[in-house]
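Following: one structure in structure tokens, then a few remarks.
Here the chain labels run A, B and C in written order, and each chain numbers its own residues starting at 1.
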Amino acid sequence: MNYSQIPLMGKLRTPTMTYTFQVGLASVFLWFMIPCALAQTPNTCLDCHSALDAPLNVNATEFSASIHAQKEVTCVSCHGGDPNSPDDAMNTKAGFKGKITRKQIPELCGKCHSDAAYMRQYNPSLRTDQLVQYHTSVHGKKLDAGDTKVAVCTDCHTVHDIRPSSDIRSSVNPLNIATTCSHCHADASYMRPYGIKTTQFSDYGKSVHHEAMAERGDLSAPTCTTCHGNHGAAPPGVASVKNVCSTCHVFQSQLFETSPHKAAFGAAGLPGCVTCHSNHQIEHPSDVMVSAGEHSICTTCHTDGEPGLKTAAEIHTQLSDLQTRIARSKEILDRAAESGMEVGQAQLDLIQATDALTKARVSVHSFRAAVVAKETVSGTAVTEKTYQAGLQALRERNYRRVGLSISLLVIGATLIGLRFYIREIER
Amino acid sequence: MNMGEAVSVAAAPDEKVSGPRRTFLKAFLGGSVLASLGSFLYPVLRYLVPPAETNMGVDSVVAATASELKPNSAKIFRFGSKPALLIRTAEGEYRAMSATCTHLSCTVQYRKDVQQIWCACHNGMYDLNGRNVSGPPPRPLEKYDVHVQGDEIQVMRS
Amino acid sequence: MSPAAQIQTWLDERFGWAELIAPLKKKTVPHHHLSYWYFLGGMTLFLFIIQVTTGILLLLYYRPSANEAFESVQYINTQVRFGWLVRSIHSWSANLMIFTAFAHMFSVLFLRAYRKPRELTWVSGAILLLLAFGFGFSGYLLPWNTLAFFATKVGTEVAGQVPIIGPWIMVFLRGGPDVTGATLTRFFGFHVAVLPGITTVLLGLHIALVQRFGISVPPQVENEWSRSPQQRREIKFFPNFALRELMAWYVVLGVLGVLAALFPWGLGTKADAFAPAPAGIKPEWYFLFAFQTLKLIPAKVAHIDGEVLGVLAFGAAGLLWVLLPFVEPKRKAGGYRAVLLCGVIALAYIGSMTVYGYVAK
């Protein structure tokens, strides 16, 4: 066929393109196409797998947003095979590993993530001991013993859309960790063979720690991994619970060390802080927790008449006393301020009393009334001072009423005078 | 207005009603009116005198005098209705910030030994720029500007 | 010559003093069983004078910026000697003034003092009442506390409901799309300059008209007096009525003193634009009846937005009220009965709606 005679746009085309021009055009074409081709490492895996249904489906958008894809660690890095060829893509001769079994996953991830020299290329400050830690964890030990139901890397980090933990969408971001753990640990039927409770997630949701993170946005608040560890996850032993809590709650722990409860709890094999505060459902402590009445925790062990319970009652009285006094001072100062009296300094001083109450509540962990008294006494002194200031302000306010009476008297006299004068001139 | 044959009730001509009673009433009325005017005028006159403290303490406060603080020491002062902390660092620089801990609102203090700001309630630590460096505080302390004007150390809201 | 007479002569030689005060010396006030209602006008005037005086005193210390307004009022309350007194009197007197203005207006209505030739006195008075509302609304914001901030937000939003020009009115009032420090500055300007200026002019006109036409006699009394002329009584303004009025003014002073000392006006907390509105925001009592009415109107009435309908209805009612002497039906007996009925209904409505607004959540 004489191509030069093919109609082009209705016109009979003659070969006007010279050889030079054709080469030039081709070069320009290649000039653009080669970089494009090089930039996109051919990934024939995704071409098919993004169109397949589950369980073979891989969401191409999600994967491209993942940290691995961004660092150009793609399908073949884990699954092997030949990404360039659509036919040999899954050829075992090309190194294709197929679906990685659960037992193989930690070692596979560890091939890169435990190689310090390798990881240095990507992020020199990333830890590389995750695999080692994992093998010390409950999950790791059970996996080594052949249980594939336990968590492996992909259960927490997800498979194809892994993100760094600082990313808020990551399943291992502090805000999401509890939810991630709950996928197994809140599933009663899944956890039945292990005989572990599954109430931790819902308990934690009611705790102050959860409130601090979820409501106050405090990312440093503890979540599951803070106390249990992440890769080396295991519940802290009874003896080491206190160490875990004291990482943050330093003062309470120091006081506990010198308190009578240390020996007592140790002898009874009680789990330190958890004994009174619980482990997951750690609620807002209240003054009634240390008392001799209803809602008291002390009565769990102490009985009526015991010196321990007497101390509890005393401490409770000290705390609620101070709280009442603070409320009383606040009320009188508010009243004075509303009437227009200047009580700013007294209101500022009252803050010290609130500070004392906070410190007194911490010192409860000494379980000695004398130690608590040190704070409550100084707090009480402040409330006394501020209450007197409030009284003084109200006295000044009453002085105004004296002034009012004087002017009312004078007004009254004028009114009487006017009345009689009018009567007089109209007689 | 229709006056018609109005029967006016008015002050009758003087010659009819003078005498001790009227004089007394006039004096009494005059006296009480003057007294009442005095009781109104007295507060107004005192009001007009500016009070000693002219600073309303909103945005700036004189926190201390230049000689008051030695290096590596601090003082708590009142800023508005809240406590604030004025620090003189070991190098002699002044720093000022809110003294209300961002954890549970205790009042913080300056620790000479570690040259940091400490909250005694739960062991929170802040550095000299108010940044929360350890313990429970979730946020830094609010910083204020410090200006040295002659002998006065003035602290202003940023 | 006595000192008083000497002063009089001195003034007369320079101001024509005798000629100036001659009409005042002749002025009389009708005296009958309904005369006591005549005090209300003067009381409103007296309270206005108190407002101007205490307002000027407050001006010496108040700072009209969002940053400092609250603290300056706190300063007046706590640091300035008798500042609490001046401020409480100013706040209480404002409320009393609006109350007496209402009472004065209704008494004029029921005593029919708005009839020819006193129509313009009524019109100027009605406008003065609206100006008093303006004073109240603008002044309320000046301490820049939470209640005032949100009450202003709601109030200006309602103003924005007027069709077509509403949004422009709202932006004009607020000095911007939202209530901010700009609103405070603007309201301050209205409160201490614009409104006083207009009020002075209108008040001058109102009082001049009252002097010109004298005090009106209610029709029923007038009829009685035409039947038996010897019953007609008029008392001289100076000194008789004036002394009585002075008694009334002293009573007002005593009441103000008691209120200021025993029920000082609170300050609340400083406004924070980012905090959520506290529950149950209500305007001051004199706006409550309108506010409550707007709350009760359903969201949509026959395809028209309920609030727009309410605002238009109040606007129409207000306009008719201002023009009352001109819209009163001319028929002899029936005409008045219509006005009487309207007056009673209006009073009952305002009264009951105010109470309702107070107790409603």
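Going forward, a residue touches a chain if its C-beta (ideal position, glycine included) is under 8 Å from a C-beta of that chain, and two chains touch if they have at least 3 such contacts.
Just so it is clear, the model here is predicted, and its values are computed rather than measured.
The central chain of the assembly on a C-alpha centroid basis is B.
With centres computed as the average of Cα coordinates, no chain lies farther from chain C than A. If you average the Cα atoms of chain A and of chain C, the two centres end up 57 Å apart. Chain B has its Cα centroid 41 Å from the Cα centroid of chain A. With centres defined as mean CA coordinates, chain C is found 33 Å away from chain B. Shared contact sites, meaning residues of chain A that touch two or more other chains, fall at 344, 407, 411, 414, 418, 421, 425-426. Shared interface positions of chain B, defined as residues touching 2 or more other chains, are 9-11, 36, 40.
The set of chain C residues that touch two or more partner chains comprises 79, 83, 85, 239-240, 250, 253.
Within the complex formed with chain A, the residues of chain C that make contact are 77-79, 83-85, 87-88, 239-240, 243-244, 246-247, 250-251, 253-254, 257-258, 261-262, 264, 266-267.
Of all residues in chain A, those touching chain B in their complex are 212, 216-218, 220, 248-251, 344-345, 347-348, 351-352, 354-355, 358-359, 362, 406-407, 410-411, 413-414, 416-418, 420-421, 424-427. Interface of chain C with chain B (complex): residues 28, 31, 57, 60, 63, 67-68, 71-72, 74-75, 79-83, 85-86, 213-215, 217, 222, 225, 229-230, 232-236, 239-240, 250, 253. Interface residues of chain A, counted against chain C in their complex, comprise 338-342, 344, 400-401, 403-404, 407-408, 411-412, 414-415, 418-419, 421-422, 425-426. Those residues of chain B whose C-beta lies close enough to touch chain A in the complex are 9-12, 17, 21-22, 25-26, 28-29, 31-33, 35-36, 38-40, 78, 81-83, 104-107, 120-123, 135-136, 138.
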